[in-house]
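Report on one structure; see the data block that follows.
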Amino acid sequence: MALLTVDELSVTFTARGRRDVTAVSGVSFDVAQGEVVGLVGESGCGKSVTSLALMGLLPRKGVRLGGVADFDGTDLLTLSPSRMRDLRGRQLAMIFQDPLSSLNPVVPIGVQVTEILARHRGMKGERARKEAASLLDRVGIPDPDRRLREYPHQLSGGMRQRALIAMAVACAPRLLIADEPTTALDVTIQAQILELLRELVDQEGTALLMITHDLGVVAGLCDRVNVLYAGKVVEAAERRPLFSDPAHPYAHGLLGSIPRLDAPRGQPLHPIRGSINDTIAWADGCAFAPRCDHYTLECLEGTPALGELAGAAGPGHLVRCVNPVRDSSDLHTPLLEAPVMDASAEGDDEAPSPGTSAATSADTSVDTSSDTSSDTAPDAGAEPAAEPVADTDGASGGAPGKDTPA
Amino acid sequence: MGSPVSNTPNHPDDRDAPETPGTPELSGTPAVPHQAEAPAPVEGERTRRASRKVDRIDRLAELTARRETTTGAGLWVEAFRRLRTSKMAIIGACIIAVFVVLAIIGPWIAPYSPTAQSWRGEVFPNRGLFVGPRGENWLGLDHLGRDVFSRMLVGARQTLMVGVVATLIGFTVGALIGGVSGAALVLGGRAGQRIDAVIMRFIDMMLALPSLLLAVSIAAVMGQSLTTVMIAVGVVQIPIFARLLRGAMLAQGGSDYVLAARALGVRRRRIVMAHVVPNSLSPVIVQATLALATAIIEAAALSFLGLGNPDAAQPEWGVMLAQAQRFFDQAPMLAVYPAVGIIITALGFTLLGEAMREALDPKLRS
Amino acid sequence: MLRLIVRRLLQLIPTLVGLSVLLFIWLHRLPGGPTAALLGERATEADRRQAEALLGLDQPLWVQYGRFLRRLVELDLGTSIRTGRPVWEEFTMRFPATVELALAAMFLAILIGVPLGYFAARRRGGWLDIGAVTGSLIGICIPVFFLAFLLKEVFAVVLGWFPSVGRQSTGINATDVTGFHVLDGLLTGEWDASADALWHLVLPAMALSSIPLAIITRMTRASVLEVLQEDYVRTAESKGLHQRVVRLRHVMRNALLPVVTAIGLLTGGLLSGAVLTETVFSWGGIGSFIRDAIDGRDYPVLMGFILFIALIYVLINLLVDLAYSVIDPRVRVH
């Protein structure tokens, strides 16, 4: 039994005199205790709205919610505001994207940490302060007693995010939602924060819902991944099959958009055309069709269903596509550059996940290496596969060097 | 699927072109450059696939068009579009329109002379005898037996003139000072900073004076006349306009696009004239609209303090209001008419100004 | 903190010097020259010559300016033409009345404006919001003196609920301690005197508060609306804090920052408004004194008043700056 079961969640913004805008339409996924689940997609695909809906942080006026979000037997979507208030911070906690704007600039850090202790754990005065100091210490903030007296602007970016994490985990919540927690941070800090989150999940068994557009973060942290597009899950799979055999053209395209160190020089990226605004209504067909390279007329006949991928390596690989990508090698390498394709396709076959994850852009490689150390053997095997290619490439010699120390 | 075309990132403008780049059939379209000629398919095959393709494209285009798309209109165009839907702006604009029309045609449609004391014998202020609204005189008579309705109509022009001229003075001088100061600062250099500092000290000094007192001191030097009122009210606005324009220019000067223009080697003077000033004007224009309201009210206050236009031949709402205060106990309506006129007019300018401010505020734009 | 105060005070010097230059020029540009300010309009040519010789007006301008400046520093603002008493004395005598009125008006404006703006923002688009926005727009557009007349006519003359003029009813012999009548009553235990003074204060304070009230309401509303969108409010909500804590600690503390600045800027307008309001209600403060000075072309009084007001305005803004640096840690000097 999963801790959180989201079933057909839909969020529609209604404003008088304007058309209703459906930001999320029928998103379903599960998060189990101790599991890290990723929600991945471009900005505007509805991933943040999903998290806010789960936290009950969307305004009550002008928003219509649908579906069920079952959190250990209670439906988060229909809970009364005061019950939700009791739940938030204690059982459900959230970490936001921009640590500076997410902290109150005129209130000392200490107060911002202790107020949640006072609210949910009844701690006051010296006891609360001590606990706050130990929380800051736990998330790796040095000299916590001094930091408690300081204001957000006196802290560095990474420290602010740590402080926010300290607040989020202050009451040992059962579900932690992290909305792009590393986007606003420097690369090195990103890795540290992800490491911290990983630790917290491992130690406490907290379920983590990770919302991100960064596939490097997904590769390093998530157990299961849901790819969102225009308010719907278009593909859901375990991390490994998703990275090796992305079946939806969008997921495929996302992976193709990542610069790879092992790609030969001059080989162009495979960006997805257009932007998330080039879309059609799901009711009319696949919203991705306008950007899809091989849509057919069937794609434009109503919403494609989210179904088990035929011929998937394992169960639980769901895809919402009429004609999913069968052979993932074709998008990775253009037909015209056949020689390269062969080499790369070989690598894909043998160690598929690392082929993409370990060789993502320079800024995500740090994350993935932290993943390799803690996780699996094939990943480690991928490193040498990636490095020789990069090493022969004189110009990018600095990049692998960046890779190794981390 | 993998023709070279699909590898080149599409220019955003191309994306609504119906063809799917990268498909061999369409690679002949002039918009799509092609390095390698795709092998031509068999004739029958080609038509069959082409017709299906046309279907697909038509269908997709149809569905895409159904979605609401916002075009990237310019700041002012967009602001105007939003103004048209704003109730505040419409009410404000209507009030202003009526007021301006009255100010123009007022003297011609006024039924009587605004200065002739035609009914002098019917009004006895000393005994508290006044004549209220009647068929002959719609708004009654004032303390000298003049037709209030005619005076209101004719007075609209003077009132508008005071407001407009005063605001123009404040706007022109203020924008000039603020512009010089802002330009000096943006154009950079230590000298620029120094010029700015000196000007701003002066502006702060002017701001430190209560507006009324500033007006009073000017009136004291210049004597009592309509020009005095206009100048006095206008001068009060100078520091506000100056500060606003300078502040906006400073913000623009620090923005990324100015930095980018500088990095591209655009001459600083050109940056200021072509980018910084035009982009900084919107708060100043909003302020000008609001200042029209303030100017009319301030002018009334000056009249109340006995510094207004002494020329009885030129009725003006502020002066009418000031004169009527003396008889407030016996004939309050004499004060109410011009007061309501002033309030409604000021409200019109304020409404429009506020609506403009909202329409131009990038933070509020959705 | 002390260094900040000293630095700000030093920054005042150029402003005040510049102002004195302006005043000096102004005095010389007056119709009839600077002697008119001392002798009044009815002075004869002979009087003027005599005064000019006496005042050293035949000396170079910079000498004259130095003399003028020294007098200013010694708070010698000259003598009122109408009353024949030193201007400085006239001011200090009347000052408490004006301060009392201005404080009452500001108090009223903050007391009503801040909560009104807050609730208008919370229920954006509701009837309270529409009412508050409309009300504040009208409040800005009503000439203060007309509002004063209207209030006086309706509530004092017609309804008789409040006294129409003055600061005190005749027959009440209040002890004068500070010059603030309401405070005096409280200090000496003369409750009836205090209540009576308060009674007199209501209408003028209401009239005078119209513009600050309108501006504070609008600013609070706009500011709260902006803060409600801030990420840290969402963070506070995500922590499940009680609504009261979120509102006071996270919304209001931030939303009031710009309002505090506005209060400083409003004082200038408040003093202008005081001139008008005091005239209507025959309030014995500086305002009505100035009104009479304007009528009687009492230039020394006007000049003194301008300098006096500028000083007060600058000092209040200094206070606001200091207060601001206490409330907002980001501008605190370390």
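Per-chain residue numbering starts at 1, and chain names A, B and C are given in the order in which the chains are listed.
Just so it is clear, a residue touches a chain if its C-beta (ideal position, glycine included) is under 8 Å from a C-beta of that chain, and two chains touch if they have at least 3 such contacts.
Please read all numbers here as calculations on a predicted model, not as lab measurements.
*Asks:* Starting from the Cα centroid of subunit A, hunt down the chain whose centroid lies farthest away.
*Replies:* Relative to subunit A, the chain with the farthest C-alpha centre is C.
*Asks:* Could you say which chain's mean Cα position falls nearest to the mean Cα position of the entire protein shown?
*Replies:* B
*Asks:* How many angstrom between the C-alpha centroids of subunit C and subunit A?
*Replies:* 56
*Asks:* Just curious, how far off is subunit C from subunit B if you go by their C-alpha centres, in Å?
*Replies:* 29
*Asks:* So the centre of each chain is just the mean of its C-alpha atoms; given that, what is the distance between subunit A and subunit B in Å?
*Replies:* Roughly 46 Å, centre to centre.
*Asks:* Would you mind listing the residues of subunit A that make contact with two or more other chains?
*Replies:* none
*Asks:* What are the residue numbers in subunit C that touch two or more other chains?
*Replies:* none
*Asks:* Where on subunit B is subunit C touching in the complex?
*Replies:* 201-202, 204-205, 207-213, 216-217, 220-221, 223, 293, 297, 300-301, 304-307, 321, 325, 328-329, 332, 335, 339, 342-343, 346-347, 350-351, 354, 363
*Asks:* For subunit C, which residues count as touching subunit A in their complex?
*Replies:* 230-232, 234-243, 245, 249-250, 253-254, 257, 327-330
*Asks:* Using the touch rule from the top, collect the residues of subunit C that touch subunit B in their complex.
*Replies:* Going by the criterion above, the answer is residues 14-15, 18-19, 22, 26, 29-31, 137-138, 140-146, 149, 153, 157, 226, 268-269, 271-272, 275-276, 279, 291, 294-295, 297, 299, 302, 305-306, 309-310, 313-314.
*Asks:* Using the touch definition from the top, list the residues of subunit A that touch subunit C in their complex.
*Replies:* 55, 57, 84-90, 93-94, 96, 98, 101-108, 111, 115-116, 119-120, 151, 153, 164, 167
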